[in-house]
Amino acid sequence: MNHNFKTLCFGELLLRLSTPSHLRVEQSTSFNIDYGGAEANVAIALSNWGGETSYLTRLPFNFLGKSALKFLKYNNVDTNPSFEGGDRLGTYYLEVGIGDRGSNIEYDRANSGMSTLKTGMIDWDKVLENVDWFHYSGITPALSQDAAKACLEGVRIAKSKGITVSCDLNYRSKLWKYGDAPQKWMVPLIEASDIVLGGKNDASILLGTQFQENDGYEDVPKRIKEQFPHLKYVATNLRQSFSATHNRISCVITDGIETYQSRWFDMPNMLDRVGGGDALMAGLIYGLQHFKSDLDKVVNFAGSSSCLKHSIKGDALICELDEVLRLMEGQDSGLVQR
Amino acid sequence: MNHNFKTLCFGELLLRLSTPSHLRVEQSTSFNIDYGGAEANVAIALSNWGGETSYLTRLPFNFLGKSALKFLKYNNVDTNPSFEGGDRLGTYYLEVGIGDRGSNIEYDRANSGMSTLKTGMIDWDKVLENVDWFHYSGITPALSQDAAKACLEGVRIAKSKGITVSCDLNYRSKLWKYGDAPQKWMVPLIEASDIVLGGKNDASILLGTQFQENDGYEDVPKRIKEQFPHLKYVATNLRQSFSATHNRISCVITDGIETYQSRWFDMPNMLDRVGGGDALMAGLIYGLQHFKSDLDKVVNFAGSSSCLKHSIKGDALICELDEVLRLMEGQDSGLVQR
Amino acid sequence: MNHNFKTLCFGELLLRLSTPSHLRVEQSTSFNIDYGGAEANVAIALSNWGGETSYLTRLPFNFLGKSALKFLKYNNVDTNPSFEGGDRLGTYYLEVGIGDRGSNIEYDRANSGMSTLKTGMIDWDKVLENVDWFHYSGITPALSQDAAKACLEGVRIAKSKGITVSCDLNYRSKLWKYGDAPQKWMVPLIEASDIVLGGKNDASILLGTQFQENDGYEDVPKRIKEQFPHLKYVATNLRQSFSATHNRISCVITDGIETYQSRWFDMPNMLDRVGGGDALMAGLIYGLQHFKSDLDKVVNFAGSSSCLKHSIKGDALICELDEVLRLMEGQDSGLVQR
Amino acid sequence: MNHNFKTLCFGELLLRLSTPSHLRVEQSTSFNIDYGGAEANVAIALSNWGGETSYLTRLPFNFLGKSALKFLKYNNVDTNPSFEGGDRLGTYYLEVGIGDRGSNIEYDRANSGMSTLKTGMIDWDKVLENVDWFHYSGITPALSQDAAKACLEGVRIAKSKGITVSCDLNYRSKLWKYGDAPQKWMVPLIEASDIVLGGKNDASILLGTQFQENDGYEDVPKRIKEQFPHLKYVATNLRQSFSATHNRISCVITDGIETYQSRWFDMPNMLDRVGGGDALMAGLIYGLQHFKSDLDKVVNFAGSSSCLKHSIKGDALICELDEVLRLMEGQDSGLVQR
Amino acid sequence: MNHNFKTLCFGELLLRLSTPSHLRVEQSTSFNIDYGGAEANVAIALSNWGGETSYLTRLPFNFLGKSALKFLKYNNVDTNPSFEGGDRLGTYYLEVGIGDRGSNIEYDRANSGMSTLKTGMIDWDKVLENVDWFHYSGITPALSQDAAKACLEGVRIAKSKGITVSCDLNYRSKLWKYGDAPQKWMVPLIEASDIVLGGKNDASILLGTQFQENDGYEDVPKRIKEQFPHLKYVATNLRQSFSATHNRISCVITDGIETYQSRWFDMPNMLDRVGGGDALMAGLIYGLQHFKSDLDKVVNFAGSSSCLKHSIKGDALICELDEVLRLMEGQDSGLVQR
Amino acid sequence: MNHNFKTLCFGELLLRLSTPSHLRVEQSTSFNIDYGGAEANVAIALSNWGGETSYLTRLPFNFLGKSALKFLKYNNVDTNPSFEGGDRLGTYYLEVGIGDRGSNIEYDRANSGMSTLKTGMIDWDKVLENVDWFHYSGITPALSQDAAKACLEGVRIAKSKGITVSCDLNYRSKLWKYGDAPQKWMVPLIEASDIVLGGKNDASILLGTQFQENDGYEDVPKRIKEQFPHLKYVATNLRQSFSATHNRISCVITDGIETYQSRWFDMPNMLDRVGGGDALMAGLIYGLQHFKSDLDKVVNFAGSSSCLKHSIKGDALICELDEVLRLMEGQDSGLVQR
């Protein structure tokens, strides 16, 4: 590794409350506690792989918010950029499915710290100091108009400083409720970004990307790149869902010249499906930072990251670099290490 | 839906004690608690789908019996028809298998309220007031001669009132120990019933149904219907068992004219196999109440109900109507709802 | 059964601490407790099948050591030959994997009772009294030179008394750290043994067995038998590992004249992979004791034992004889017994 | 009992998430789930004592809200008056203390169904049909101005129908944030009520009650009664707090003529302190409904209810009438019933 | 210690299912599993103190019965005298109280192996071979007339062989339901016994013992001894119950000449109250076997045993001899041993 | 606060495995996991109170060691001074007592990183950079002669740099097994220290302190100060042990001129007794850093810290500064904060 990248991730930090042992909510007498969020999951994965990573969020310093921050520290993520604010910690409830019963999610994140974030609250010059890579997702601008403005403020400043900016589109139909059309904010955001991850639905709704009749999911990166030629790389996450516990995934990336697809990862016994896309995003960032000339390696690293995530409880991929590399190289799948 | 059917289910209410985490009984330091029973499971499923459902059983009002009744109330089942009696709550122990180790069941239901039920104990006119559908199973007559008499008493009164009567044959080899041949009671019971669910073994032993050499499992409904031409519908539950955690199921029904079979539901990751047949029975009742002209829809609804049950812990199918319908229509299998 | 064999197993008795619910070590707030060890697992399986079985080990009589011995008693294993000694109970930590994340093991067995065992500590004449079968594994000689000497002492005395001696080679790369080449001890040990179980790697490293270019895993027994013609039977355990929770296994044995292989056992939903080889060894011993003229039955019994182990939590196969026989005969795979 | 009172309780229904085993929030990997709320706890206690009780609340019909309602049904509370509305289920987090570490509560109930309740949403004539007793608390008017208006609307209608109206003042300093002085709403509410429970702090802040220099806690009922002579009964709950797990309680009531105090209940091993006041309120209501001429019995029944609550996990007193009566009569304290 | 006594205990072996964390039955989603019974608890305590102890019971060899026997083996109790029989394992449910909420017990032991025991089923000469001490309780004759006969058969044979016979009266009002007056069986049983433990109630009801007006609990042994002068020792267990979790106990014994009372043991934080009397009985047997000339030591050992039991989960006192001795000598109460 | 002290703690970091729910080891099927150690507990407490705190230890970087370090990071302790080494993570097993059954500890720390620490392994100049306060305990020199030398090396260098050096004597009879008399190392260590905490036993054995006939526990600080007049402060921890769950504590300190004693803290319901002394040590350090002129405040802060620790699960006091201050000031003992 020629350089230790310093990555700053920016987004909400959430409390996840999930049912144990595949119980329904109404059958449960307890909820498992995890802390995460699309961008925090990226930070945790990168940090556990040895990268210097910090997190920027706004959250209340009550016992839940403090516990959430401690979880980031536990994973070696620098939480100094984060600051106090907002009435409550964003929360979501997860009823964990199995087989032909899908998981259900109930978001409860109104009035969280990030939902009420405003421009001017963040000293961007300070938090971006020495940062090489800035990562955000389409969730923050979906929370409120103020949050969208603050996000665009940060992305533009990062861009102007020559920092690499990556975005996971992450369209969520239950958000974007404040009135503005998503494209109003997402198009200028992508114009100030360098790397984008997103699926067909994300691109259509958030960016207005046009697809041709025969376009498959693997053509998504190409079309986004055509729409935003300034982007360095565009990637997409392919997922086939056979049941709540059996999926297959693959990753595609393009630099506008060539398109690379990883092998398919079959996962007949998934432990935890949430965060699979965030782990893929983390894999892309790591791959582009360290294998940059080798996009084939990048997509297989990203796919391996995502696959491994499905075997780990919680929102975040918590593993060592070596475990991703071994899976990428097809070594010893599932053997006992002894 | 043109009519809100009022269904009365009649049978035992049992305590189930099962081992957690696929442990053997001798490895367990605790048992999970669930309440159920073949007919109660039908009542719970119907009630959670919005039907007006009540339950008729006899059980002691000790802390176990009261908890069992509260569980029915929790699921919106009217327990007013139920009454106090018997020495103990019927119980069964379930050692939960996995892979090539099958589950083991140890029944402990002697001297329960239903085993010592007698004719004259129930004011049938009162409990059947405004009832549209009466459901029982072959388990009650298997408990004791007195229980068989009381069951026949009720079924005949229901029939005489024009109430639709359904029976799940549910042959259990460990019951029927009191001396009478099963057919002595089951044949007159079926003669007073309208709808029957049962497999080849159930029909042979309980009804003396004759099968032809080449008859498969899917021919069972036809043969029962031939034997009891007055029956409106006869159905059977097909199950292929590859391991304790991997089964396939399908449902067949006949009206004597045509036979319909649902698609096969493959379940490679079953969470809880018990109650799969009861959920199918509930699905049949719901289907015949609401889709009656469309037997193809009925069997696919029943199959979907049963399939969904295998993803839910406990004896009973606890889900909303919409979840069965989505599975029946093949939507979004196992996707996260967010 | 013409004879109730008395089997003495000799080896370490270990504490296993494993993560619950497939959590990573760093996510766990508790460890599950199990007691086992390669040779103890054999003793437990044999004892639960009705054999008269005793265990010889050396361990400290602190609360952990006493609990470990009580666990053997619980399983009807006679612990009278075992005696107090050593600073600590050998321990290992198991991070339980799933899917594409393999399990990780961290051994912590330095200074255990068996590691510091010395010749002369055991009154072999007494512990071998009335013993028909003596079983050990390649783990004991791997612990220390003293342990290797003591092991050889016992094996030779057993041999000289006409007791059948079996060895599971069980090569562990993290052991054998005390300087001597493994073959220095393993070759004379095998020369004093009658029956050997081992894979290609075990044989190459521990015995220096030579393989031909096209030899597959199923040729291992033949080659070992060629090298040690005095051996009565040589067996090997075939395992295909698709993921941490999906393996296939089979068993091969040779008497030098003919080679027999069991059917393949497919295990797509393994509950606990550890101890699969020990259960196979127990199955071989039981088979050779009771079906001796029928090696085909022996390998299928051994394969069934091993397969069943993967559905049982902990290191040891805890089941009744009847369960292995039913699986061997392919009956009722995974059906509910009710 | 000469009359089966029909009681309607009106208030929020909350999700409580509490730490298991006296862990701190940051140490917990799960939260225990309970449903409750000051007025719901009253309804549950009354219903389990055999009273006909119903609950009126507004909450979203997501999986949390539905589970909360099912919990009321489980306890025989009629939920028909409750209706759908609001963005989220009111929630609170409870870090359970022990010894010298007190419990901590973090409310998270903004935008709940009751916080956004408005006048006109409830058909009071319908929900009050056949109701004998209407119970509310000072928490509802503390949520928002709209909620205060709606509460006053209901209380006045109930009063006008001759229904007995009781109020638990329940001052919560973290609520009442919407700008109006509490007395603006609480004074007219009490003017339309018949029975009030409250402490010195509640009365001062919510009602502006004046106390004399030497007034003790036991003088509170007298002073409130002097301020509001129309009230039939005024009661207060005395609590001495030695530690998080050791309190003493007593109950005082006055009819304006005489004042009665219960014995002191010493509780050195409290299991769950929350809901102690609600259980006392339930005891008062039950007592005034059934022992009305005997205020000494009323306070001792109320004190016993409250005492018993501290031995039961969750917010609500879940017990049978007989258990309160036995404690009130000092029988068999803590003996095993066998 | 001059002699290693061989003690045979005779009685039921029960499954206990208790609520975790002081939950009510209706709040519980699991029951903790323990195995015990008045006489089995005595056997377990004696065995863990190093005595040679065996157990004689009749129970079904289903998975519950086998697990119960394994639990005795785990505690070094010889189960060879026990044999198969009866329809079900006797069971009881325990709702664990706290503070002013007492524990509740629901027996469910009809048709157990011991309830249907008959004379002639046991080969008394064989089971009593080499036995020094035979212990039974008043529970067995309370189960059924047949059980009473079989018990008397055994006690008389033991007595005739010169074996010391001890009886714990153990009156249970919910038993003795088969019609005979308890004294019909208990009087001849005590006439054939040497040592009796019992309280005032036990003696009055089971033996018809007459007490004088001023007799306290501590006079019970004297009165029983007067009634049955052949008895060597008579003891009683004094218990003051302040709450479900706070009791005080003491032990009194008489040889007819002098009466000795232990100190009082105060237990403000009891973990598990069940089996306190059985542990005292075990302490008496151990004391009389080993300290016989020193009755003061006997009662303090018995009191210490009982006290220690209240700090151990389950029915049986599981501890080492040294722990009782240290408590008896007042050493290091509650200090950390490190 | 005029200055943010930077404190470096130096010692082992241990894995603690304790039994849940007051079970005996042999009853447990799992162990709770905690990380701690005398000096680490001090670091964690100080860090959570806002101090800049770092930890210096040597441990293997296997999954246990890494998890232990992550736990420090979680608590905001800087782990940069710690480094890889040693064969295993020091471990201890805790059987958690209750009432009259004391807790038992089994140490298993041979060959840990600190046991095999040698002089020269630590770059003291680097780790002590900018450090104001250096804390160690008498446990490190008790592990091995090499560890004692390395400890003395560090203490002397710290002293020479003008850093305040504190020592908790912490005598452990099960350590100090390597041959040297404890005083050989402890006397020179104390000669290079500024502040000492210890009890009578610690001082006698480790330092050879002479006591007068009538000296009580509260005279310990005075005698140590007389022996080592260069010490700035000497403190002792008074503990009265009534049972495993009921202790009383107090703290005494002297500066050689005056002696101050805190109030007594009564703890009748202790949750976790381990680490009570370490929390007191942390309280002393904090107190001397921030209230230095006010020794009365120092001892009451230290006593409050220790008292609070007994209400928190695990080895370390995890709380906010404000909680200690509130307890010190006697506010709101055990009240619910809502």
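To keep things simple, chains are lettered A, B, C, D, E and F as they appear, and every chain counts its residues starting from 1.
The criterion applied here is as follows: a residue touches a chain if its C-beta (ideal position, glycine included) is under 8 Å from a C-beta of that chain, and two chains touch if they have at least 3 such contacts.
The chain lineup, named per UniProt: A, B, C, D, E, F = Sugar kinase.
None of the values given here were measured: they were computed from a predicted structure.
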Third chains touching both chain F and chain B: A, C, D, E
Identity of the chain that, by mean CA position, is farthest from chain B: F
Interface residue identity across copies chain B, chain C - same or different by half: different
Relative to chain A, chain with the most remote C-alpha centre: E
Mean-CA-position distance for chain E and chain C (Å): 42
Centre-to-centre distance between chain F and chain E (centres being mean Cα positions), rounded to whole Å: 46
Overlap residues in chain C, where contacts from two or more other chains coincide: 24, 26, 29, 70, 104, 268-269
Of all residues in chain F, those that touch chain C in their complex: 17, 20, 24-26, 28-33, 62-64, 66-67, 70, 87-88, 91, 93, 95, 104, 106, 108, 110-111
Footprint of chain B on chain C - complex, ascending: 265, 267-271, 307-308, 310-314, 318-319, 323, 327, 332-338
Chain C residues touching chain E - in the complex, by the definition given at the top: 70-71, 73-76
Touch list for chain B against partner chain C, complex: 21-24, 26-27, 97-105, 107, 172, 174, 241-246, 268-269, 273-274
